[in-house]
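For reference, chains read A, B, C, D, E, F, G and H in written order, and residue numbers begin at 1 within each chain.
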Amino acid sequence: MFNERILCAGFGGQGIMSLGQLLAYGGMSEERHVSWIPSYGPEMRGGTAYCSVVLSEKEVGSPIVTTNATTAVIMNTPSLIKFEKSVISGGIILVNSSLVNRRVTRKDVNVYYIPAVELAGECGNQQAANIVMLGAYLALTQAVTEKSIISALPKVFGEKPKKFIDLNRRALELGQKAVLGHGPKLAAA
Amino acid sequence: MPKSLMKGNEALAKGAILGGCTHFFGYPITPQNEIPEFLARELPKTGGIFLQAESEIAAINMVYGAAAAGGRPMTSSSSPGIALMQEGISLLAAAELPSVIVNVQRGGPGIGTIQPSQCDYFQMTRGGGNGDYSIIALAPSTAQESAEMMIDAFELAQRYRTPVFIVSDGMLGQMMEPVTMPSKVPQQSVKKDWAAVGHDNRRPPITIKTLALDPCDLEQINLRLQEKFMRIRESESRYETYRISEAELIFCGYGSVGRILKNSVDQLRHEGVRVGLLRVKTLWPFPVEAFNVLPPRCRHILSTEMNCGQMIDDVRLAVNGKIQVTHYGRPGGIIPTPEELADHAKNILAGGCQ
Amino acid sequence: MTEPKGSTQIETDRCKGCGLCVAVCPLELLTQDETTVNIKGYFPAKIKYPKKCKGCGFCALMCPDSVITVWRAEKQRRVCHA
Amino acid sequence: MNLIYTKSKGLTDRETHYCPGCSHGIIHKLVAETLVELDILGSTIGCAAVGCSILCYNYFKVDMVECAHGRAPAVATGIKRTQPDKVVFTYQGDGDLASIGTGEIVHAAHRSEKITTIFVNNAIFGMTGGQMAPTTLPGQVATTAPQGRDTSHTGMPIRISEMLAQIPGATYVARVSVHDPKAIVQAKKAIVKGFKYQLENRGFSLIEVLSSCPTGWGLSPVDAMTWLEENMIPYYPLGTFRSQEETRDV
Amino acid sequence: MPKSLMKGNEALAKGAILGGCTHFFGYPITPQNEIPEFLARELPKTGGIFLQAESEIAAINMVYGAAAAGGRPMTSSSSPGIALMQEGISLLAAAELPSVIVNVQRGGPGIGTIQPSQCDYFQMTRGGGNGDYSIIALAPSTAQESAEMMIDAFELAQRYRTPVFIVSDGMLGQMMEPVTMPSKVPQQSVKKDWAAVGHDNRRPPITIKTLALDPCDLEQINLRLQEKFMRIRESESRYETYRISEAELIFCGYGSVGRILKNSVDQLRHEGVRVGLLRVKTLWPFPVEAFNVLPPRCRHILSTEMNCGQMIDDVRLAVNGKIQVTHYGRPGGIIPTPEELADHAKNILAGGCQ
Amino acid sequence: MNLIYTKSKGLTDRETHYCPGCSHGIIHKLVAETLVELDILGSTIGCAAVGCSILCYNYFKVDMVECAHGRAPAVATGIKRTQPDKVVFTYQGDGDLASIGTGEIVHAAHRSEKITTIFVNNAIFGMTGGQMAPTTLPGQVATTAPQGRDTSHTGMPIRISEMLAQIPGATYVARVSVHDPKAIVQAKKAIVKGFKYQLENRGFSLIEVLSSCPTGWGLSPVDAMTWLEENMIPYYPLGTFRSQEETRDV
Amino acid sequence: MTEPKGSTQIETDRCKGCGLCVAVCPLELLTQDETTVNIKGYFPAKIKYPKKCKGCGFCALMCPDSVITVWRAEKQRRVCHA
Amino acid sequence: MFNERILCAGFGGQGIMSLGQLLAYGGMSEERHVSWIPSYGPEMRGGTAYCSVVLSEKEVGSPIVTTNATTAVIMNTPSLIKFEKSVISGGIILVNSSLVNRRVTRKDVNVYYIPAVELAGECGNQQAANIVMLGAYLALTQAVTEKSIISALPKVFGEKPKKFIDLNRRALELGQKAVLGHGPKLAAA
């Protein structure tokens, strides 16, 4: 049964929330049952923020993914420490190696290290690191099509010029490339 | 209608507009802020009024004034904010003023946390304001239901001339889900000849009031109110059953837990364990009748809540000793996982935890 | 060049990169270091020309996170270190 | 002969429940007369506050809404925002407005709600049996200040009109008294002005009326009026604290 | 000790002084004004502080401050005033601050009347503030008990570091009866090393708080509180039985009705009808154990209250379906007569009213 | 070299949870320095109000009591009446003090409670995400005033210091700012004076500190300080609104 | 004696005997009648010298219970009968 | 069984409350179980006020005497209308005939009309009409001794000069005389 449970975590400002929302919108347009939920707290900017996304064939019961994640998208070091154990055995951990200076210690998960900031820089904007990570996730799981993500962009970011769409499309592709053809753990070798 | 992805709070706000809300008065508090923020943007577009009050007490009394003057007002808050409204809520019930009050619950007691909780079950169902009164309390489990129940709330408020609670929580409020927005309800414009709108020199003056110094008068008022509550009890309780056939153990839950439990039931059924779910949709009137249609095999009801055990009282009262009832809860803002709930049920069926 | 009049020390790991110190230094000696991200995820403040510091203390007075300490060569009324 | 004075047509036939000589009765007349003179009985919605005057809806010939203690300005806000073309007023005592209801009156003024408040300051909690109010004078005896108000323990009395006059949204604020016929005539003028401000959509108006409470003060009605004049007026000077002219230059 | 004739309210106030009350903060409201008026006169004589607050909300928060700073404060109000204190009460329970809160109940809902009532049973026993918490609720039936329970309340508050309710009503408060005043309790001066009194540079700073943003912390706090409530439940429930031997019907009541019922029982016993009385002295913890010792012949419990039926929930929960339970009540400020209660019981025993 | 400035000994080692450039941090330093300079760390009890600064008890090295939203002045009253020899202060935001807590602050001033209030006015509800406060400036955007504050709908902003200065029991009331080093030095002086008033048992003192909320205002920390100077100070003039000298002739 | 200038009528049964009218009559024409108790239990006000009344209306203006009606002979601006 | 249930009613200001309190204090000093309770309401002076007193051998359950009164002391006309029916058959109604201008219509009660104001005037103070009524009640029922009432005076009125005590003693006696020797209904003939 299709049941993707994605945990995205990083600093505030790294686009964690929009990454998750793109996935949820994309999944919805493909007639999945979806949910998205942020961690929320008082303004403690600079702390670790995360959100959970569920994409499923069946109604979503619990939208919270802090255990049993099928995939974790890890954007900074504190998030890795906090959430490494949250992924199921056999699941995926995508690590933003541009900012995360340590390695995953578990052996039972598939880990990909992606220099997302650098790759985003290549497309012209370091802020798109989240989209690079999203591209990698899509490539590995085919959970949602790129097309659905592209058409979700205006819903999350509002109407934007074509330039913006193109940049994001490139970021998705770079993310895809960063993991395809590489086995786990080798991506950032 | 196309689907849109919305937070539960936004679905509530949108539902309010569709339900004919004319006025929002409220005071900010997490985790319900998306409701006033949405309405600050959208309500004026429909000719409605959004006004931030200086406090929860002012908010509920503005609601009182607007309802007395024939409006369709609402307010929204979270746990401690609702505590502050208790006097006002008692007045609304006593004066029979149609109004809607949303509680997006957070962890308590005290200032507590802003994380999701269901620890206000008693606050929602047993007053807390003074005197004998009851408030219809609708408990959605999804964003879709948030929108629908909000529309319902406005209708019930007008029909019975009474305040209505929407009981949500931080999880439902903050999560986004697809919603197919219902269409605007054609308002059966109830004639409010009881409202204080100025007599225009055409009829005797009207007074909206709750004071009745003579206890004989107040007793009559109470009996009339009780009669109304009885009517509501007979017609407005709502619930859903899920995979209860042949169930030996039935989870009873509402709101966030009500939906999480579906995962637990699916998991257990998949494992061949016979469990089912009774999801309560109206905390008051509590769907007592639902307990009469449980499968005969059912030997245990697990009242499951994000609190230390409150709804269990109503479950016990409903079964009146006929089935064993226990509580499982996580207080303080913790959301239970479907797995832990399933484990707990298995444990019970295996003879533990009794 | 003469002995510096003042000296400034910034606890970089606790800096939130707000830039208020940068804005108030009368000699514009401070900058935000966009090449490093500290453990909190911010670009911390740093002093570009440490030798030019006159030890006025403005940067420290302004820092909401109390992460700047300032010394001054001449004896003078301290701004505050209560 | 010409009719010089008779009971206002804005009042019902009911006898009031007030104690003999209580000046709530005088203030009721002034409000009722104003509503009749401005021809707004039919378009007015009054807010009755908890205090001795809670039953004023039995006396005013207008639609009325009874309010929780202290909350009349919030209720009035709800009414006015629903019926913006109607005239809305609150009738509140000093316990109601200056004690429990401080937040509500300050913020009705702050938002410049287009309502009129009749603030009956009798320096005591009348209804509950003579407890100290924030407006009780220094040394004045109350059941909760049996030795007389001790200002070192409870502070000096608060002057509401002066305080509210500092709020930009308060467009007309005046203090009047009803201790003698001359004062009553002045009081009436201020009340009329307050309602006119509302009719002209100028914003929030408040008329503080110094009032007697013979029962709470333990004085005969006549002595109570003298006490009011001799003790309250010096501490609570009569006058206009704010009117539209001043409002303009805020 | 010689007897004196006192109002129940005065007995409460006098009891407070004997119980070591150091501070009274309150806002006037009928029918409890004799309490602040007595204490305004008498508390300063014992070195205590009487301060009238600007509102009930301010009063309960002053109580919070005084308790946090190591005092033995109290407040007192009546039904709608208590409704306004709900947020503060939830905070007191959460912060574990010893304090006493008197509710001299009057008829509701809304502004209601100032006549006696028991319509705040839920308000007293089911929170109304946010979150999971319980408050010890002592319900005197006489002026004598008013004085004694007040002393008790201060002791319980200190012992368990918790707020304690005294649940009286307008009848008990206003009526005069002879009281033999207990002597001043020697205060076992509990060391309050948790209080915020300034650290004097000798220990780390202390914080009194109820916020716990991390739900894991808040869950732990809740579990600790629940453990305390369980201890209280096990040791502090109180009740009295009156002529229950061989009773077929047992009245259950508290406070004013609890005493009126003695007349009804006497009358019926005199007529040879076998009835008895279970008088509840602690509304929370509810004396569940009392229902285990009822005579085996007892086939009906008549929960008798001056309201529309609230305590009956607790009675039903206590008997869990084993005995038939019905409610008889007069709402709105009406005090039932012993005769009408007796008639109702006879009716039930004759097979009516079921 | 001589130490010119370092972190106050009145602050703990904890890093604050405030957003980058939030001036709550600056105000914390000033209060902590004052407590150290007056040597009252050990005898002070602080009251933390609900708002972004609710966690200030993690930072001040004094005993503290967390208060329900808006009620800090009532809690402080309870504390001071129990520990009259201790120094008691409240630290409150504008949502807390000027909105929900209006009644409590007015009456603490009215009773002239011997406490000191630090009133942090950042013209917004910071903690809850940028909603309008009674102090929000005309036209200023807030999440509940998405088009900017419309004064015809919600009135002109309230000036708390001017209002409280009308209350006899308020013995010291001043407004200061922390937008630049010079203002910070002035602010510190006012805070010291407020606490000294308490130590001298004069009565209620309040220091309103104009403060920035970069997050709530949607501005960079540096731009926020400029905005404060250019927009808030003209509406909220700095100065002393009441001090003992004036108090005498009340 | 000339025609009286004014005339005063008191609804005695509704009078609460407060005496305020008595106190304000500039000609001291009113008194409290301690010989009768009205149905409300009060000594009602009464006019001692009805012919002397100048119709100034003070008594009526002052009466909290609106039980006095006053007429005046000459045409003059009414005090109030709204 | 001794169980006196007395209802006293009249205008505010007629001393209704103190009449009842004197009885309660007196009863207490004679080791009776006693209770006193006023009617209370918002200040509606001039309306009808009443209080209930119970004097009993047994614990007092209900202190309210609005039905089943053994005696009613009626000080004004509205009170008679309101409470005539509250007295048990065979009970006593004491009517202050100075102010009450109508007669009791029931036939099953013992009625005494006492010109209490005039009699009080005879002792020097019309205000003592309540004490005259109390004297009549004591004479008819012997519920409490005069001595106990006299010693209760300071508790109700505070310490007073001897003159005050004497006046009250005289009032009690006049009340006593007014009913003793006269059959019911004849007292005020």
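Just so it is clear, contacts are C-beta pairs under 8 Å (C-beta built on N, C-alpha and C of every residue); 3 or more make two chains touch, one makes a residue touch a chain.
Quantities reported herein were computed from a predicted structural model and do not represent experimental measurements.
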Length of the shortest touching-chain route, chain F through to chain G: 2
Chain pair with the greatest number of C-beta contact pairs: B-E
Distance between chain centroids, defined by C-alpha means - chain E, chain H (Å): 35
CA centroid of chain B to CA centroid of chain H, Å: 56
Rounded Å distance, chain B centre to chain G centre (Cα mean): 61
Residues of chain C engaged with two or more neighbouring chains: 16, 42
Per-residue multi-chain contacts in chain D, two or more chains: 18-20, 54, 66, 68, 99-100, 102-103, 106-107, 110-111, 127, 129, 134, 154
Where chain B touches two or more other chains, by residue: 30, 51, 54-55, 57, 80, 87, 91, 95, 111, 114, 209-211, 213
Chain F residues touching chain C - in the complex, by the definition given at the top: 1-11, 15-16, 18-26, 28-29, 32-34, 36-37, 180-181, 184-185, 188, 214, 220-222, 225
Residues on chain E engaged by chain F in the complex (per definition of touch): 22-23, 25, 49, 51, 53-55, 57-59, 61-71, 73, 87-88, 91, 95, 196-202, 205-211
Contacting residues of chain D [partner chain F, same complex]: 99-103, 106-107, 109-112, 134, 154-159, 162-163, 165-169, 250
Touching residues (chain side chain E, partner chain H) in the complex: 3, 5, 30-31, 114, 170-171, 174-178, 259-264, 266, 335, 337-339
Partner chain E, residues of chain B touching it in the complex: 57, 79-80, 82-84, 86-87, 90-91, 93-95, 105-115, 117, 119-120, 122-123, 126-133, 209-223, 225-226, 307-310, 313, 316-317, 320-322, 330-334
